[in-house]
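First the structure, in the form of structure tokens, and then the observations on it.
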Amino acid sequence: MTDAPLFHPLDPAYAQRIQESFERQGLMRHLGARLADVQPGITEIRAKRRDELTQQHGYFHAGVSAALADSACGYAAYTLMPADASVLTVEYKINLLAPANGEELIARARVIRSGRTLKVCLADVLTRSGGSEVLCATMLATVMCLPNRSDRPG
Amino acid sequence: MTDAPLFHPLDPAYAQRIQESFERQGLMRHLGARLADVQPGITEIRAKRRDELTQQHGYFHAGVSAALADSACGYAAYTLMPADASVLTVEYKINLLAPANGEELIARARVIRSGRTLKVCLADVLTRSGGSEVLCATMLATVMCLPNRSDRPG
Amino acid sequence: MTDAPLFHPLDPAYAQRIQESFERQGLMRHLGARLADVQPGITEIRAKRRDELTQQHGYFHAGVSAALADSACGYAAYTLMPADASVLTVEYKINLLAPANGEELIARARVIRSGRTLKVCLADVLTRSGGSEVLCATMLATVMCLPNRSDRPG
Amino acid sequence: MTDAPLFHPLDPAYAQRIQESFERQGLMRHLGARLADVQPGITEIRAKRRDELTQQHGYFHAGVSAALADSACGYAAYTLMPADASVLTVEYKINLLAPANGEELIARARVIRSGRTLKVCLADVLTRSGGSEVLCATMLATVMCLPNRSDRPG
């Protein structure tokens, strides 16, 4: 509703940092998801339809919509964190608005409030069939910045 | 907090109906999840730790916690629906309380309010390491009953 | 994020129906709230700052933000319901983004998904000081249509 | 579901600190609410039925349920914070389970996870009629500790 705020990342190398973190997420690889866009306060994650991602009616499982939107929110927030910080999803709510029936699932997230410790994000999840997109879920998430705690393992 | 209500299923064959629906969920199979318990208004779903289920620090990805808890809530509600109804998660909120670090992830759901159209469920997600369990997430979900719409395809 | 859908109300007298329902809400009167705008799928509710509406630091209490946004979501959904239906908030989530410090509190709601039984709404809550507005909360709500159940008492 | 953890307050004078903070909330006074119980990680807030607290059908307005539960969660978390900290509700979700029809509204909150910065709370809201109570809402809330920032004005 409100216009998206303009954000200035603290870490100029945020895009590479997030791409590397994304690639360490075994689940994103397991779901066939890819990070399609990263900008200050904004990300997009996509996954193509496969039988492995379905619920009992053959649509994308809500768990896939949520996982993509959760990661999209986390990384949208992470674009605005210092290079030596780690990111943690505190909580989210998701409303499933329509059956996720399509060729590709797209989660688009943006930061709507960027506090030092907590960042609040909105994400829309859409299904794409050919050239048309349909909104199938929306998420409101709270993401935490853990300073001085690298995202990279040991 | 409040005691769990006692529920009487409308469909005596609810357990088999839910097992079959669970097995049609490609995502649950892809995550290696199994339906460990089904009772009126109650379910438990479990998944063993695998690298395919991790986030960037090697713990279970929140997306797995959410997918298991979401399915557990949906099926807990589904135990109380008529045989010819279909089940739909309307929305949920999840709080991630602790890193999901353990050998197995366990989602336990129960119905706290069973209306004819809408059922409200709570789920706890725990990690098990050896014989001890730690609470790592909690979910509050709204699940809808779609009457006269079979869960089975075609 | 997504553009607001265009809605066509089922009841041409929706605005009057909602104004009358609003006036029956003792709490809205007790909070000094007024219905400032009603359009198909959209409402705005406002309340002026008074000591009776504050939390311990003298700002608007989050309970006021939530009550205004909840009513705004309910009535935004209600604009799209039949004349003989009743409206019920099923659940909502609110994120409190900034201290609600200002002369007036404004809740703006809109329907983002209008199903027959359930409607999903977003609301922003802003504080106004002089001519400038600051976003202080955002809500995602699920609202239910109860058909053939008049909103009017007895 | 899980047993409530046992908490040890950092500030032995927590009960008095919370009573004083509660009394500075203009809204709680305006709603006729009183703090009925305070223990480590637990609070109870009550309000008697008055026309000023109703929605259009004469029941307690969901805004009252939410305001009481929100304050109950905030103060349950605040019992576990240092004496010189301030408390802030980050976000909550509430499910409205049944019409809030009764003589008194009771919100009971407890902390389910007590991190240093964030505390997660559950609250049940019940209506009392004579000696019997009915669950009418449940809340899941995230509360933040702001260290070195007194709750008292100026």
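Each chain gets a letter, A, B, C and D, in the order it is written, and its residues are counted from 1.
The working rule: a residue touches a chain if its C-beta (ideal position, glycine included) is under 8 Å from a C-beta of that chain, and two chains touch if they have at least 3 such contacts.
Note that the coordinates shown come from a computational prediction; the quantities given were computed from them, not determined experimentally.
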According to the touch definition, list the chains common to the neighbour sets of chain C and chain D.
A, B
Name the chain whose C-alpha centroid is most distant from the C-alpha centroid of chain A.
D
Quick check on chain A against chain D: do more than half of the interface residue numbers occur in both copies, making it same, or fewer, making it different?
same
Could you put a whole-Å number on the gap between the CA centroids of chain A and chain C?
28
Rounded to the nearest whole Å, what is the centre-to-centre distance of chain A and chain D, using the mean of the C-alpha atoms as each centre?
32
Take the average of all CA coordinates in chain A, do the same for chain B, and state the distance between these two points in whole angstrom.
23
Which chain D residues reach two or more other chains?
90-91, 93, 95, 120, 142
In the complex, chain A touches chain D at residues 90-91, 93, 117-118, 120, 142, 144
Help me check something: in the complex, which residues belonging to chain B touch chain D?
1-2, 93, 95, 97-98, 108, 110, 112-113, 120, 122, 124, 135, 138, 140, 142
So in the complex, the part of chain D that touches chain C is made up of which residues?
21-22, 24-31, 50-58, 61-64, 66-68, 70-71, 88-96, 151, 153
